[in-house]
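Each of the two complexes below includes subunit A, the first together with subunit B, the second together with subunit C.
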Partner chain A sequence: MSAITDKKQRESLAMRYERIFSFLAPLVAILISFVIGGIVIACLGKNPVQGYALLFSGSLGNPQKIASSLVSACPLIFTSLAAAFAYKCGVFNLGGEGQFIMGAVASVTVALTSGVEGVPGILLCILAGIIVGAVWAAISAVMKIVRGLNEMITSIMLNYVATLFMSYVYTSVLRDGANPQTPSVPDSLMLYKFPGFRIHAGVIVAVILTILVAYVLDKTSFGFKVRAVGLNPLASRVNGFPVKALIFVSFIISGAIAGMGGSIELLGKQYRLMSGFGSGFGFDGVAVALIAQLSPIGSLFVAIFFGILTTGASSMQVGIAVPTAIVEIIRALIIIFSVSGMAWLRLPKTKQFLAVLAARRDAKPARAEGAMASVAGTTGKEGARA
Partner chain B sequence: MAELMRMEHISKRFGTKLANDDVSLGVNEGEVHTLLGENGAGKSTLMNVLTGLYQPTSGKIFFRGKETKINGPRDAASMGIGMVHQHFMLINAMTALENITLGTKNNPSPRLNRSEDKRKVQELADRYGLEVDLDARVADMSIGMQQRVEILKVLYRGADLLVLDEPTAVLTDVEAEGLFSIMQSLTAEKKAVIFISHKMREVMRVSDRITVLRDGKSVTTLSCAETTSQELADLMIGHRFRESIYEKVTNPGEAVMSLNHVSLYPERKHGGLKDVSLSIHRGEIVGVAGIDGNGQSQLAQVVTGFAQPTSGTVDTPSGKVAIYSPKSFIDAGVADIPEDRNSMGLVGDMSIAENLILKNTDDERFSYGHGAWFKSRHIHEFAEQMREKNDIRCASVDQPVRSLSGGNQQKVILARELESHPSLLVAAYPTRGLDIGATEFVHDAMIRERDAGCAILLISADFDEVLKLSDRIVVLFEGQVMGTYPGKGAPVKEISLAMAGK
Partner chain C sequence: MDTILSALPDILSATMRMTVPLLLVAIAELFSERAGMVNIGLDGLMSGGALAGFLAGYFSGNPWVGVLAGMVAGVLINLIYAYCTIKLCVDQVVLGMAINILAPALASFFYKVAFGDSSALAQGVQMATVSIPLLSDIPVIGPALFQQTPLAYIAYLLVPLSAMFFTQYRAGLNYCAVGENPQAADTLGINVIGTKVLACVICGALSGLGGAFLTLCYTSTYADGIVAGRGFIALSAVIFGRWQSLGVLVACMLFGFCDALQIVLQVNIQGTPYQFFQMIPYMVTLIALVLFVSKHMGPAANGQPYYHE
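Now for the complex of A and B:
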């Protein structure tokens, strides 16, 4: 084998290491976060092992509990997918929460006023959610494309507008009697629930959508262009891609996904709007997408993991009176550690380290072969002597 | 002649890579010592060791006969070693004097003594014939004067050994001559210069001795008087090198694209176009000569549809161009080797295969219609074909394109751009940063394409490259066409004068 191919193989081995390490980074981050969380629990005078046992038995202990975890993961799956899609095209949609809320507002309005029942009604509600989510994102997208405003800032500001608009809707327009909340959506518009479980059909939709998005991004010419624009907008422009149009479309798709998430959360779990609906899902979605390194399938798993933590937190609180805030601390730590882990992987020093590692790994079999040869040599000599 | 500096058996290791492998270099007082080598031969690493930016893995440095350890650029400066980097390290908003005296202080009082500083700097400038307007802001200076400021800066800090890293890359021929006479006056005062260049003509002209580096090793040190440029080129690449000589075309076909009185940002002195008219014909290479920053990038932008001219028209055989967008130009058969292959030509984090289809994603060979599913197997086959055909050296076509060397990256771009047999190829700085082998590959491909009937617009800062390839030479200066010259028997002197705006 020539020296050149040797060198190339080593390079690709180093690259494989890079990939393995970037897969390991979030897992290590989770481990470290749990250790630190354990220390915090111990400081509260509780037993961390017992706490974690409760955390996981409370979220994964039996099929019903698993179902609950999936249900609490469902909105995160949508918002993280929304964030990942926009990120892939190089734009930052931090307005997932607003789009989610506006989607739910649209759905509840259609559900309470249109009078369409059954499956057509459900589809109509979800469609309304998708469209309004997309339109809400389009506001930021238009401002970015036409006037160059930073989409991060405008989309965050639109979150507040959406939250306040929602409270206007449930306190004034669609108020349910004396309570500051909307009436519940009609029974026929609630999503199908698997008998005996809290899990609703929306979770299935979320999983299918994730797979669809992953496929579109990876296996279609449209997804290719989106990724190319995200990775290098200038080269994309030079090569004839309609960069602005692609950014616009991606942002709108991102908003549509978040809006759909809002509809499904409404029709599958909450059934009505009230104070706090959708709160936090937008930013948690961004965090999930970051931990998953913008991979849609990865986001699905991270979102489910976050769902497990949320569900388990309450059983930990009920069991040994560890506040649920501990789980929020752990979640925050996971975000910090996995993001810094990924940043560490990008350092030139780390890359060099991986290259050295690959070289060593490469040298080992060669040395082993050398040893074999020398053994063969000695036996040969002995043979000659004999 | 006394030896000023000697580096003995210097090795520098980065990870698993030996950038310098047992390199030795000795520089005498009052000599111009050239460091010659291809990209990646270890010239910069060696100079960074000398100026203290890197610590050698092994080896010794002697300065004025004493073994020394250079801990950093400040250390190097206090010993009398100064470097003029290829990319100037000047603060544009400050005057020349401020830049030169920045960070130095000669008196204990906290007040700056400007007039005293100025007198000293002026004295130095006069002594070595460095013509600099000390009160002018760097931003308003020509590149040549900025370089003189850099040299003065180094001299002001008391340098006896000056390292000039590719100093002529940014200069016109006339300015380069000025630099050479400055170098002469420096060596007359017993100062030594390490000159880094790969332009053989200049190396033969200014050097006293030449050290050739190859693959991180010092191959040999020769006296300039006893060698030839052919021998140097052979030593540099390690085997016998025959530079191809291409036949020039004098009777090209019909015009593929014509610019009529095109202006783009005409108010700008650097980086605009003023009333440019030129046409490019089938089967010819039109070379644009000129010093960097005289409108070359803008010309490339106009002919690739990236920018719309402020005034004037661009005509193609199918009529006047109405829509200026890269897409419509690509559809009209314009291919582009962009000036910066990393930021404009390639998506570094995508695979080689993906970069090869960057322009043709919606092509029916690769996907089922606009934006639809990819035909992955076809893409892979296509990539393998291209890899074979263009000798792209990689472990797999699925590895990210950023992991390739510059030469192989350029081959990916060439493969993609020439695959569609364009009617016009715009090649901006197509061999910048490439080694001799890759340069030859690119040149051969361009000539082949020309002979197949493609019109080529070559934009390059390398005058020798323009002379070698062009059938017609257009000189740009401050955004204007200074003249058009035949490529066959090109009037070199006249062209270099035109490049300087004369």
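Now for the complex of A and C:
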């Protein structure tokens, strides 16, 4: 009896260690990545401390700058939620960029041609973005379900097709005179901006969506099934879950989220399509989701952190002439270190080590407890004798 | 249509040229996956190789130094992948993604460090083509097939060489055993970890070479995004070619042909927006996958971590 509770306690202690370490892993990863980034900056003959000071003062120095950081985090929140939702169900949606772009293309088309104005127009644009993003993802999802094709490759191919299609739209169909870009969306369709700040209502939408996604994944039976399929498709099928349908639906939801992100980026920040729109948001979204260990709330914070880095990078470039790509290097290092840290925790060797550690910490109280029990035993016997 | 027919020798020659980077990288992935290592970081490895090749060629003036630098860069970047996936058992796909973010960022960073933020593209060295005597005199196909850069000949030679290695030699069979069943291979005394590391080194070197081809033989400049998804197309070529060297060659030539075709069409057909021609390689990749891929193929233990006891 007492042996079983001991074992249980030890396991839970080991699990607690694991939880603490998996929370620490991304933080340590960020630290190490910044140190390496600093070394690279130092190798260029620049002062890394000054560089990082510029980075953070340029992104968090005053409320205006914080607002810019949040605005540049906004698209990443959407693409990271998209990546996390699909990966929770065990499918890797690398097509976030294509879905994001197609969502924006749909929105700009509706905005410039439908003539609907004001809030209904905004809602219509966003709805168009959601639907087209979902349809774009559905192509990969159908190929996955019907033909068993690797969804990573198909969704990436569709990214290139989407980028070229967008380029076709802004150079031919909806071209704004001589410039290779679309005209700006009408003023009445631009998202509400908080007076005096660059921050737009889309950021609030992103936060609400994050909470919604977290609720759906963690608290609903649909979310439970999605996660079950992601963890073990075979066991899910044995339990009678419609595995293929769940994969299909979560991939489409993933695309819808990314498409919505494209709409919001268009209506809130860019207002028009031009070369480079949405470029890199898909992969960065995947990166954010991976660092956040697929937690939607975690993704929100990591996305904001990425937004801070993006905004600060230009201040650093202006200040000490270090190319902004240093920030992308730091981001990539963060992913590598955090996923490596997580994988290290899951290694059998590490688990053993943690169990030993837990056992050692347990040993003292357990021995004391054992002594107490034996004392109690003897007193009991004495009582009976008496 | 006539213009296209008259452009046929050009298309053939361009096909042979455009196939080379795809082929090098697809064979890189073939070596990787045969040892059970799915590497989706090919695009990243290529951009690393492209930049290193470009810089080394630019500063030394010798394209062969560029080739070497491209291969070394590919290997170095892929060793990160090797350490994390083999030693720490990180999910291979996740780490491949990380490489796809890291390597292009490194390339972009070092290009800007070397040349500043100026918009003018630096002109690097170009590798000269080598004509094979007699064979290159055959009309039409002669110049197309036998007037290529040395890297092209190397790429095409790798096809029979790798096919022989995988099927004819004990070493090659042992190598494949690691991808099929690492536990069994281990009990037979095959060095599983060593083979996997070797696979990563070969994959890095060939991917870096494929990237270097782009800046040393295809164009003489480097620009961000120069790889343009070729790594992923090569990845599909391996699946499409059913993990056989010859199949991979056929797949790469199909995709190389699409690449060549879209360039010729862009030049010769006015009126249709050029973006639709540029979509051809990606669309054909998708269609080819849909039509010809069967579900369960490839090495049995592909992509799975190996926990060494």
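The definition used in the following text is that the second predicted complex is superposed on the first by the 362 of 386 C-alpha atoms of A that agree within 3 Å, B and C clash if a C-alpha of one lies under 4 Å from a C-alpha of the other, contacts with A are read in each partner's own complex, and residues count from 1 in each chain.
We adopt the following convention: a contact is a pair of C-beta atoms (placed from the backbone, for glycine too) under 8 Å apart; a residue touches a chain by one contact, two chains touch by 3 or more.
Keep in mind it's a predicted model, so treat the numbers as computed, not measured.
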Partners on subunit A (subunit B, subunit C) - clash or fit: fit
Which superposed partner A:W344 touches (first subunit B, second subunit C, both, neither): second
Partner chain(s) touched by A:I36 [first = subunit B, second = subunit C, both, neither]: neither
Touching partner for A:Y160 - first (subunit B), second (subunit C), both, neither: second
In the superposition, subunit B vs subunit C on subunit A residues touched: C
Partner chain(s) touched by A:A332 [first = subunit B, second = subunit C, both, neither]: second
First, second, both or neither for A:I320, with subunit B first and subunit C second: neither
First, second, both or neither for A:V116, with subunit B first and subunit C second: neither
Which superposed partner A:Y168 touches (first subunit B, second subunit C, both, neither): second
Partner chain in contact with A:F92 - subunit B first, subunit C second, else both or neither: second
Three-chain overlay, closest Cα atoms of subunit B and subunit C, distance in Å: 6
Common ground on subunit A, meaning residues reached by subunit C in one complex and by subunit B in the other: none
Footprint of subunit A on subunit C - complex, ascending: 40, 80, 84, 88-91, 93-95, 97-98, 100-102, 104-106, 108-109, 112-113, 117, 228-229, 232-233, 235-236, 239, 273, 275-276, 278-279, 282-283, 285-286, 289-290, 293, 295-296, 307
Touching residues on subunit A, where the partner in the complex is subunit B: 4, 8-12, 15, 219-222, 224-225, 227-228, 231-232, 234-242, 352-353, 355-356, 359
Subunit B residues within the subunit A interface of the complex: 14-16, 304, 306, 325-327, 329-331, 336, 338, 343-350, 354, 358-359, 361-362, 366-367, 370-374, 376, 393-396, 399-400, 403
List of subunit A residues in touch with subunit C within their complex: 40, 44, 92, 94, 143, 147-150, 152-154, 156-161, 164-165, 167-168, 171-172, 283-284, 286-287, 290, 323, 325-326, 328-329, 331-333, 335-336, 339-340, 342-344, 346-348
